[in-house]
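Structures incoming, each one as structure tokens.
Shared between the two complexes below is chain A, which has chain B as its partner in the first and chain C in the second.
For the complex of A and B:
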């Protein structure tokens, strides 16, 4: 016979306790994710100092612009695209060619035309040309959906990378383009890291605002309806192909803008920044943060950047393994997330 | 063999002329010619696989026509496009519930109310008149309290009713309902019937597919019987139900 106080415990309910605690914590995952990630970011800043915080912040801003813009397509419209880096690269190369001040006077160097345009003149062209490429690609893509969409967008990424690599007379191929200047407007030069961070954050704020306006409009509501049942919404008089094309082009223009920022920030670009892996990581960020959630994309980008940059400082991890370890950790995180929280950190919609 | 319409000068809302639809070797619609009178309720009945749902699907452009002409309000069409359904003055519900599952009940109705053109839609916030309309629709189908839950979290009957609500959110002339009463509890059934009767009272044309013979005897003014994608009989409900070929082919067994 067990003692009376033990018998008084309802074993059945005790057994359910972990599950209950788990269930009640589910609603707060987003809050906890916010707290953890922001605390993590703050701890890093205090530990590593201002310079680290500024460069991580800039990387975050660029990834966040990409993630928010990709979420318009993947999360809100339900088109799982891994072609986003193609538009990012287009924007970066347009910025590089238009604004680079490099001269190629060595006898054997591959020369390309350079225009030396200022940043703020080149940036709209970056966005517009990325949008133009997206328009042409999108018309071809519009007949596809679901898993086929993944494949054709995969194809686009490969083609874009090969164009960057092989169109030497415009991109200098594997040599890359140097001397891309920092933004300058009316005598004000954003050459300091902090100034550039503020500029990048301002652009991020603009992109978030535009995205939020879009998804909370009637247009955004129709996009989600297309995601849920494209044929059904068509019967109610909406041309799904037009809506899909429109959001695709807008999203690509935002990616092109991110590309322009990136080129100006690094001052040197080569095709290696625009490989398929970057696209896949971007989709991971969007899913990690939460599909159809702008806040989620910001959260996902922050988590990713902290993870990617933070692993540099793990004492037991030799430097040469950092790159691989990042991908392993991100992959593991994604598997765990799909198992326990398929809507991502802040999302509501499940794939 | 067809029974002549009771009144030959009755105006026609919708007519098909020898329309066909094949799925491989299966002739879902086989040179079907049928005319649906304007105003009132027409029920389409027939055994499983007789082409009832296929007819609704080609009329709303969900499936492409393989041949023949559809005449809607005097306009002859060889190709019916899905997105033109409202501009043809039609709206529909689906047999298998096709709501927008992972968005709210409210958004399910609002999604079909807003501007169809791209540029206005991008700038458009929820307009008061759309909101009022959505509210009245949701109250109509008894889903106002559920407006914030996801459509996927509703019960089957509620989903069915919400589909009817989404269809009647469009103020058009012809309403196509594919099995709207299937799986509804009596209370919901009454609500759905009241909605249909109200549409009829407002002079709309209702085309209704139903398997429920009690409802077929009670509701419609006009009956179309299909069998193997072809017209078996049409006309007044009583006459058609009592006609020997219908009894032989469908009801008598």
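For the complex of A and C:
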């Protein structure tokens, strides 16, 4: 005779318990993802100390600006672009060329013009020039949609990378540009890491605010309509091409701004920071976080940065493999996501 | 005649989708375009909206020539309700309706139109905060009609408004179309495959076959001849009849 309390357990129901828990958690994946990622971030930063936390925060801010801005195009408007890194690079190079104070007087070194502009004067130029490039590219891109859009934006990324690499008289090609100064305004220098983090977060807040205003306005509603049925909206009196171009340029300007921040933060840039892979990772972040969800992009960027930086501390992983392992893990994550949660952590739409 | 197509030909390469089609619709009239699949019924409406290349002939709108890009036409008082409803499923009912007249700057006018459309379609008022994807096919058709009416059009172009709907809903859609025509005095050019239903509302109808108008007249005249049998089932040649 088993004891009474064991007999009282309904084994059938007990067997169903995991499934029930799974089912009830399904609707709250977003909440769980928030909790897990934020807890993970907090624990990780406490463990690794202040300096690490600050640098992770800054990387997060830059990736988050990129992800939010790309989501305007990919998520809200439905144009799958892998050309975003081109605008990021444009912004970074504009910042580097305009503000770098380095002199290249060694023999055989490639010299470039020095302007020595302060950060806050160069940053608007970064955004504007990225926007200008986007305007020119976008006029051509507007003819395309769906799969073709991926291809043409792929082409743009390749072209942008080659321009960075080969326009030596302006970008120093593979040698890169040094001594890009930190922001400075009215005697206040953002040279400390903490100060820069706060500045980057302030810019992120600005971008999130602007994006939120955009998507919750009637402009945003037209974007959603374009995403669903680009042809139909012409009938209601809109030129889809104008709206597509507008959001494309706005998004590129935000990426240019992120590029300016990035250049100033690292103080050295070369073309390797602006390869196609970065663009693909960025699209992964947007999908991971959730299409057409600004909150999702923030979440996705945080998860990605934690994953990328966190893998450095895995005891069994030799340092030289960290880079490759990151890509494997991210790719695996994306496959699992597409299988089990195609709308991403916080999204409403499926790809 | 408010809208008049004169010898309009539409071509995709060597194929002629419409061949010298002439038809017109007067103020407050309901005109139907009928015919078998591939006859070019929908192309008539698309030619008016500038969605297909008109290679010959002219479209007149209120005595003037109608030459405008697709997105300008709705501002001239012609609204199009596309085939398959094509509502924006990720927008709410209200937002869908707003899409119908977003080009208007006047907020009060928008609200006024919204109220009158919701009065005409109580179901849209009831579900105004729901996403369009949560509606049934018939309700989505009502939404598509309402969205077209938001432009306050003088002429409504309906492309197969009852396609894929249950018979009981089909009746309701025809009722609403008749109501729109009576209450708002909106002219309606409708492409339909449901002959019985549509002939009960129209003043005149054109029968299209292989891009040409083969018959034009009152519903009565169409039912009296066997033109519909011919275009839908094929003409029987005398030799075949003998055999």
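As a convention for this text, the second predicted complex is superposed on the first by the 328 of 351 C-alpha atoms of A that agree within 3 Å, B and C clash if a C-alpha of one lies under 4 Å from a C-alpha of the other, contacts with A are read in each partner's own complex, and residues count from 1 in each chain.
The working rule: a residue touches a chain if its C-beta (ideal position, glycine included) is under 8 Å from a C-beta of that chain, and two chains touch if they have at least 3 such contacts.
Keep in mind that this is a model prediction, so the values were computed, not measured.
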### Task
Report for A:216: first if it touches chain B alone, second if chain C alone, otherwise both or neither.
first
### Task
For A:95, select first, second, both or neither according to whether it touches chain B, chain C, the two together, or no partner.
neither
### Query
Counting only touches as set out at the top, which of chain B and chain C does A:160 meet: first, second, both, neither?
neither
### Task
Answer with first, second, both or neither: which of chain B and chain C does A:348 touch in the superposed model?
both
### Task
Based on the superposed arrangement, let me know which partner A:224 touches: chain B (first), chain C (second), both, or neither?
both
### Message
Quick check on the superposed pair: does A:238 touch chain B, chain C, both, or neither? Answer first, second, both or neither.
### Response
both
### Query
For chain A, which residues lie in the overlap of the chain B contacts and the chain C contacts?
218, 221-222, 224-225, 227-229, 232-239, 348-349
### Query
Touching chain A in the complex: which residues of chain B?
60-62, 82-87, 91-92, 94, 98-103, 107-108, 110-112, 114-116, 118, 121-126, 166, 170
### Message
So in the complex, the part of chain A that touches chain B is made up of which residues?
### Response
214, 216-219, 221-222, 224-225, 227-229, 231-240, 242-243, 246, 348-350
### Query
Any idea which chain C residues touch chain A in the complex?
49, 51, 69-75, 80, 82, 86, 88-91, 95, 98-103, 147, 151
#### Entry: Contact set on chain A toward chain C in their complex
218, 221-222, 224-225, 227-229, 232-239, 348-349
